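Some structures are shown below for you to check.
Both of the next two complexes hold chain A, though its partner changes from chain B to chain C.
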Partner chain A sequence: MTTTIIKTTTRILASLILVFGAYIILHGHLTPGGGFQGGAVFASGLALLIVACEDEIVKKRFEKVPLSPLESIGALGFLGTALLGLMGYTFFKNVIANSGFIFGGKTPIGINPGYLNTGGTLAYMNIFVGMKVLAGLTSIVLIFFLLLGGKKDEW
Partner chain B sequence: MRKALGLFAFLGFTLFLLAATMSLRPFGAPPHTEMDHYFITHAQEQASANNVVTSIVFDYRGFDTLGEATVLFTAVAGVLMVLRRKEVSS
Partner chain C sequence: MMEHLPALMIAIPLFGAFTTPLLKKRQNIAAIWALIITVITFGLSLLLLQEVLSKGIIVYVFGANKPTLVLPSGYRVPVRIIFEIDAMGAFMALSATLMSFIGALYSYSHVEMETGLEKYYALLLLLEVGIIGMVLTGDLFNLFVFLEVAGIAGSALVGFRNYRGEASEAGIKYLMVSSVASLMVLFSIGLLYGQYGNLNMAYLSRQIHLDTVDMIALGLLFVSFAMKCGAVPMHYWVPDAYTEVPAGINPTLLVATYASLYALFRVSFSLFGAITWNMARVGWIMSILGVLTMFIGVTMALVQKDVKRLMSYHAISQTGYMLLGVGVGLTVLNDPAKLSAFGRAAMAGGIFHIINHIIYKSLLLMTAGALFYVTGTRNLNEMGGLARKMPYTTIAFIVGAAAISGLPPFNGFASKFLIYETSYQLNPLLAVFAMVTSVLTLASFVKVFASAFLGPPLEKYEEVREVPKPMVTAMIILAILCILFGLFPNVVLNKLIYPAVDALIKLAQYQSWGGLV
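What follows is the complex of A and B.
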């Protein structure tokens, strides 16, 4: 299951995949992609890390990773960011845009190279949804691996 | 008898599909484009994002994304609840 080829490939590729997923999540309001897609890419990198290692190493490595809290924080943060719009406006109103807060820079209208410090609540929602998706998919892969991966005789 | 019936149904369905394909609109010309033009022209100033898709997904159609996130949350919770054992803690 875990051959030398997979281990060597993982050692080179895993960090690149994780960085690419984080890039897609953070630049969701500028480039194609977003929270869901970036979270899926990040989770696939983590799945590669899970698959390429032995059972005990995976257990030891992922024991400290707070996947359930990440999932809950993602869902609640998404709702909370949407609720921010109730400060004088409606649900899901983009209140942080053009306000000078983090991710609240002045948005140029028209063709522009794309500035990371824009987007308002969209950037926050991207981050929260990405957190949630990566935690959810990784926990599914992890529990499948830990429950079914070790028993080769049944399959 | 059954074969004749099947052949009749097959031919009828094929003719129906062919007729439906003939009456399709040409590629890239949907009947209503007012909404698309509104999104494309106003997304940058209203949602303050270069990516119009993201501004639709998280701003104009925010409730849709909320339901999507809830579906994913429920799916993950169900899988973890069904497959959870004592020795696995994640």
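What follows is the complex of A and C.
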């Protein structure tokens, strides 16, 4: 599967794709996209890296990565953020917005360029969802890659 | 904390589902953990039912300052996701949590030897979340989301024994059916959203005036939910799915099927309930669909040799009774005299039959799972003489078989009798079909009993012992429920069923979020 073309392209593109994925996750409350979309972009960057490497290297690199626990932690974090709302309000209430905590800056009224330090629980939920999605999609790609195993394409 | 019950009903099983995969190394603990979560959820659903019965409809607005703040800051339309729980929803949630608990208890021994159990229990809890969400929500899009959750978790569980080719096939089939059904649901939700710009069911039902687009939406919703509950022309997935799924999941999967039936009722009675001229026709369609379902299901069951497959065809056939009962009620919904004469009782029969059927069919499928556990086969011709070896399973089977055939004093009799009486008043032919179906059911269960449990003991089953204690406990609990529901049907009807029926009939209550607006 691995060719020089893929390797060269990956060298240039992989870091850009990963950064772009992280950007979409972090700016989920400001720009189009969010946790799921960013996580998918991030996972596609990882998929590119997986495809560009040999079997053994991929196996060695991913041996220690806790993909499945990461998925659980992402989901639990999402649930925990939603449960914060039970402190006096309701489930999913955005308690962090305008509270001065991280991502809890005061949201200005009117036309503005959008500030990263706003959004409250939304930003946290995007990060957790992004974590879950990138772990899940990466493990799917990884399983397919390792199942195909030694079978190479013709060229 | 009581006002947060609806949110906790979702949050706690979800928490369980996400923590279970972390227990990968100790699968035994994962099983016990899942059992604890299902017990807690069952307790919560009992509390919820009590709240609903004493205070009426409960509304929970997600993300608002107060749980009951449906229209914040002077809005005229609801903007947030709203859970709206009436007696019908609480009743379904109670069945879902009870059956998840029974399923988890039974699974503890039944799938002990398999691998990947942490995923099994995570999926079981996710399936429970999907059902609970479907029956509690008051928002159409939310209904779709939970339908998908239940569908995906269910299909993964159907294909759990993936070393068997048939299980993978059944899993794919279930996945196909549920994704086609939920796509059609999504499409019709899109139509309604385009028409009225809102997704809240209570709000929509006040706005709907049934033009062509609404009719298309109604048709699509009706067909797709009928497909997911296994009504006859779309029943092909039921035998495969119920046969291949591990017996511990059968109870929950049954409730998942009837959650779609609940959605069908909700669409017919609440979402489109305000359209007066049309619903009688839909009621007739539902009744005739019910009769066809029960008759075709039972005739196909008669020829089966695989014990679980036979019971799955009976599950199709029993769904017909519920459709018939509620269909009769829907036909006379706008005729107060007939409604009080027999319509209300017919609906009670249909809804009572849901919980009765869930109980005895889970019991029967679990005895079939026990037979499979000890003999390693599901072919009736290869079994025989097991009654001496497995006394508890035999007793459980007798109770279940008597209940499904509608013999007094078991619970099947109570609900079937209500359905016979009332459908006779709408059209005698309906009742005739219902009774013939019952007789055929009895015949086919006599066959199962004779070939699996009676007869001389076979040499190859010399070493067979009774199944482990958790499985026996799960079966005995359900058998006792069968007898109790049959002996005291009035208590159940008055406490559980008639409130649910009234919740469906009283549209104005639902439309105003229980009098909040």
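Here is the rule we use: the second predicted complex is superposed on the first by the 149 of 155 C-alpha atoms of A that agree within 3 Å, B and C clash if a C-alpha of one lies under 4 Å from a C-alpha of the other, contacts with A are read in each partner's own complex, and residues count from 1 in each chain.
The rule is simple: contacts are C-beta pairs under 8 Å (C-beta built on N, C-alpha and C of every residue); 3 or more make two chains touch, one makes a residue touch a chain.
These figures come from a predicted structure and were not determined experimentally.
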Where does A:Gly110 make contact in the superposed view: on chain B (first), on chain C (second), on both, or on neither? first
Which holds for A:Thr90: it touches chain B only (first), chain C only (second), both, or neither? second
Contact breadth on chain A, by residue count: chain C or chain B: B
Which superposed partner A:Gly45 touches (first chain B, second chain C, both, neither): neither
May I ask you to decide whether A:Ala75 touches chain B, chain C, both, or neither, giving the answer as first, second, both or neither? both
On chain A, the footprints of chain B and chain C overlap at residues 68, 71, 75, 79, 82, 91-92, 94
Show me the residue ranges of chain B that touch chain A in the complex, using the header's touch definition. 44-51, 53-55, 57-59, 62-63, 65-66, 68-70, 72-73, 75-76, 79-80, 83-85, 88-90
Residues of chain C touching chain A in the complex: 4, 7, 10-11, 14-15, 18-19, 21-22, 24, 60-67, 81
Per the touch rule above, chain A residues touching chain B in the complex are 28-32, 34-36, 62-63, 65, 67-68, 71, 74-75, 78-79, 82, 91-92, 94, 97-98, 107, 109-110, 112, 114, 118-122, 125-126, 129, 132-133, 136-137, 139-140, 142-144, 146-147
Touching chain C in the complex, chain A uses residues 68-69, 71-72, 75-76, 79, 82-83, 85-86, 89-94
